[in-house]
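Each chain carries a letter (A, B and C) given by its place in the written order, and its residues are counted from 1.
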Amino acid sequence: MAKKTKAEIRDRIAGLRKLDISRMYLNDFFHTWKESDDEIAAVFEVAEILRGLRENNISTKVFDSGLGISVFRDNSTRTRFSFASACNLLGLEVQDLDEKTSQIAHGETVRETANMVSFMADVIGIRDDMYIGKGYTYMKTVAEAVQDGFDQGVLEQRPTLVNLQCDIDHPTQSMADMLSVINYFGGVENLKGKKVAMTWAYSPSYGKPLSVPQGIIGLFTRFGMDVVLAHPEGYNVMPEIEEVAAANAAASGGSYKRVTSMEEAFEGADIVYPKSWAPFAVMEERTQLVGEGRFDELKALEKRCLENNAKFKDWTCTEELMKKTKDGKALYMHCLPADITGVSCKEGEVEASVFDRYLVPLYKEASYKPYVIAAMIMLAKFKDPAEILEKLLNADKDRILEA
Amino acid sequence: MAKKTKAEIRDRIAGLRKLDISRMYLNDFFHTWKESDDEIAAVFEVAEILRGLRENNISTKVFDSGLGISVFRDNSTRTRFSFASACNLLGLEVQDLDEKTSQIAHGETVRETANMVSFMADVIGIRDDMYIGKGYTYMKTVAEAVQDGFDQGVLEQRPTLVNLQCDIDHPTQSMADMLSVINYFGGVENLKGKKVAMTWAYSPSYGKPLSVPQGIIGLFTRFGMDVVLAHPEGYNVMPEIEEVAAANAAASGGSYKRVTSMEEAFEGADIVYPKSWAPFAVMEERTQLVGEGRFDELKALEKRCLENNAKFKDWTCTEELMKKTKDGKALYMHCLPADITGVSCKEGEVEASVFDRYLVPLYKEASYKPYVIAAMIMLAKFKDPAEILEKLLNADKDRILEA
Amino acid sequence: MAKKTKAEIRDRIAGLRKLDISRMYLNDFFHTWKESDDEIAAVFEVAEILRGLRENNISTKVFDSGLGISVFRDNSTRTRFSFASACNLLGLEVQDLDEKTSQIAHGETVRETANMVSFMADVIGIRDDMYIGKGYTYMKTVAEAVQDGFDQGVLEQRPTLVNLQCDIDHPTQSMADMLSVINYFGGVENLKGKKVAMTWAYSPSYGKPLSVPQGIIGLFTRFGMDVVLAHPEGYNVMPEIEEVAAANAAASGGSYKRVTSMEEAFEGADIVYPKSWAPFAVMEERTQLVGEGRFDELKALEKRCLENNAKFKDWTCTEELMKKTKDGKALYMHCLPADITGVSCKEGEVEASVFDRYLVPLYKEASYKPYVIAAMIMLAKFKDPAEILEKLLNADKDRILEA
């Protein structure tokens, strides 16, 4: 991850100009599989260009004023700071909208609130990942509301919506993950034929969202890699997303398959991503129980799930398992925080010695997220982002004042 | 609400120069009736100019650094975002002061805190509307404290105080409402003789502040309109404000009267503003009970009030009633959120079909608030705002970077 | 505190150039006694220069974008706003990291979180003063984590850590206090031989941190003053800090001693600083009880302490005592808020008439804190701050736009 030269930045801007990104302008970023290959590539290019500019102490402020609104319906530190960093990088001030209590707010209220807070908003970032069928629906409602407000002349600008994790996809995570993979392997052209093991792993908590594994199989299958999803029986992800993964793999010349053992998935893998999640069926049941206020049954569901999870404590990323990977040196990935055996819990997703060995790559993986979010914003707000980025490069304004 | 041309902006700046606004500099905005006609007009002009600049993608940043402090002693989303938007538009960063717990803080503490947080504050926005005799008093204490701090050399600048709703007036609301009315009817010169019905309406909640109806009758009577206040027996507003309304009406060539039926108020009205509020006498009693910690009696008061409210469920803005207005097409106004029958409550202030028909005007009404707040700030912080606004227009710096 | 002329600012920049501050670049500010005399002097110079620039309406924005992260493990209004003001003054946007619940977070988590939030952070300000042996340790862990992240290429910049109060020192307070003393007495050269009484005073609360008295004796002894610490038996501060104070006094040609009566301390004093704190031994016991979850014993400890405190209600700053000071006119200092007898409590640290007479100096004392924090940030982030400050002076960009 050496600092990019200005010439390299210029090359990337030239590359960006060749991509068809016309559909992204004044649009939203919901799920990676709704974006074309050019659109995905554009997010990576813009992210790298913004990073390059910052590395060269060049201001990337494209907004002189404007708000970035964040809505976190779930506690968040990392994504909150990633979004705040992205907004700040571009010149937007973050204002948090506390919508926790309006989980079941009806459409009319959502529509009204979305407009009321957006008079000077250029972006709305939403994380709403806890309930199947809810998060994405809420985001769509917000996006439609501000589109309508813009069309009616209520809003002077069209805020773009960035999906900071919904019940289906976690595009800022999977895109940051992929960008780190591209850098780790020295270019997107080196990914063909690489084996990726996205596998379930044991955690003492229950009900972790499905959006990370779904995001990974939905995106990584686009690069000609051999993607394997592994989980114990019953921990299935949404079938629609498996279909997306299979179709992607077919189109990109890679493969997608599902296996039922961690060992099989790790065998010869170039990348492993062991992480806990809740079965789709459980998530659906939970959503229904919450919606109907049946909280006693919710407790019972949790108890049942934890008992079931406990049967699969051997689904953990050990040194032994790591040895099965390609040359014993697969890249270990995680969205963080991980449940580390003997550190953050008694028994968890990964052995401490494995986790520790990958600390720097893990932190670098996370470091791409602010740039990916900023890229999504830029591509939605500027008709010709290449022109804007070139203008920033030429202006060469200091980010930190230089003597 | 077509985008203003630069020539139109220039005309408005010329208009602003003709107004006597000398008293506004380094002052505060508490209640509209303490401001002269020129001062009220200046807020509208500056708000329109700022909006025009933003529509033309021209930066309105007049502060390079500085804080805008917000104090919300009551939950708030809309006003919070309006204040944040106004500050951001001018270049100030919002910092929230959480003063909820110090409701009964004695003067010394208020004075000290006001200075301690204001070393780099250019504006303090306060919403404190729940207790009669408290909100405005608190704001005055804060304003006097920072004036004293400035006079003594403790503060390098004099923060201006913006009343974001007190127990008496809600000037940012009534001013935004009036600015939207001026635009709706195509100019302030078209308001003479228009009939305005500010009427009480049923809501399943109790204890909504009086500051909205008081703000409306205290301001709308200044424009030669025929303002009618309608409410059931016992739901009186503060008598002092009715006196203000009557005096305003006499001076402006309009009229002010109070009636006891919604039908009478709606008859031939050009504008209707049906909204719930608590009787002044109840608000006073509540303030006393809270102050004396008599919380059991508070419960009893609430129960009694809700029972009384329930007698007036027919005070609701129906399609039938709307037909009585001028050509059946009066402008329906509300400060939002409204209690909509069958949508946000079983029985409320307005029928859903009426509310829905006015969605766009309602949202536009709200859209003026950030600009009104920003105008109040500018008029208090700049000796010659017209000169500053012209400088911004001529500088023509992009708000969003253009290619 | 007259407004500085540009010539005076230029003189101070010249003075700054003569100081050896090479060690401060890319470093942190933990405890004043770890800084050399030149480094302490540099903080004062930069603070005065920044204040001078702001007084002259000259922009001090040295960051075009970037975050300032605040962590308050204890409620705070004043320090929160001081930090926010300092960041805003330099162009950084504040993001609060809510770490209250992770008091006993283990090192690994702290390290990870520190990196995860710092991708675009230029400064991290931490207040963690409640538990002996914890606050400073936590700060060190954070500082080491981001240093490591920077070394490993995870972070593109090295955030500097500013100690906003730990269990040992409160450097932003003591430095702001000292800068106000320097201004009050007309220059650092006038401090030699002045007598300072840092004395314990009664308060109805228990467990106030030791970092203020320790910060004062650890810093004020460096200026050739005669520093006296007074407290009832058993209210000792940390012995290491008394050693620091004694060594400082010896080196600076002043003196340090401890006495057991307020009268003796006040006798002939030029400065008095009467303030409550908890005995070191109690703080240690409390930390242990909290750590072991022995909350019943914690209650007992509090009761015992309050009973013991109550024996010393006569340790209060009265008009009578003030008469014993130099010409009866010693400067009364406090970090605020003070426990004022008959105002904020029945019996407290100071009589209301004394406190009221010193209101303006007390507020001015506090007004230096934002500038001291900003100075600490600048000295850590810029290799040649004098050059940068001169550039700002010459650029002469308006903070508030001028006509």
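Note that a residue touches a chain if its C-beta (ideal position, glycine included) is under 8 Å from a C-beta of that chain, and two chains touch if they have at least 3 such contacts.
Bear in mind the structure is a predicted one, so any value in this text is a computation, not a measurement.
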Taking contact as defined at the start, I'd like the list of chains shared as neighbours by chain B and chain C.
A
Determine whether chain A and chain C, two copies of the same sequence, contact each other through the same residue numbers or different ones, counting it as same when over half of the numbers at the interface appear on both sides.
different
Superposition rotation for chain A onto chain B, Cα-based, multiple of 5°:
120
Go ahead and note the Å separation of the Cα centroids belonging to chain A and chain C.
41
By residue number and range, which residues of chain B touch two or more other chains?
61, 93
Going by the contact rule set out above, which residues of chain A touch chain C in the complex?
1, 54-55, 59-61, 77-78, 80-82, 84-85, 88-89, 91, 93-94, 336-337, 340, 343-344, 360, 363-364, 366-367, 369-370, 397-401, 403
For the complex, give me every residue of chain C touching chain A.
61-67, 93, 95, 97-98, 106, 108-109, 112-113, 115-117, 119-120, 122, 149, 152-157, 381-384, 387-388, 391-392
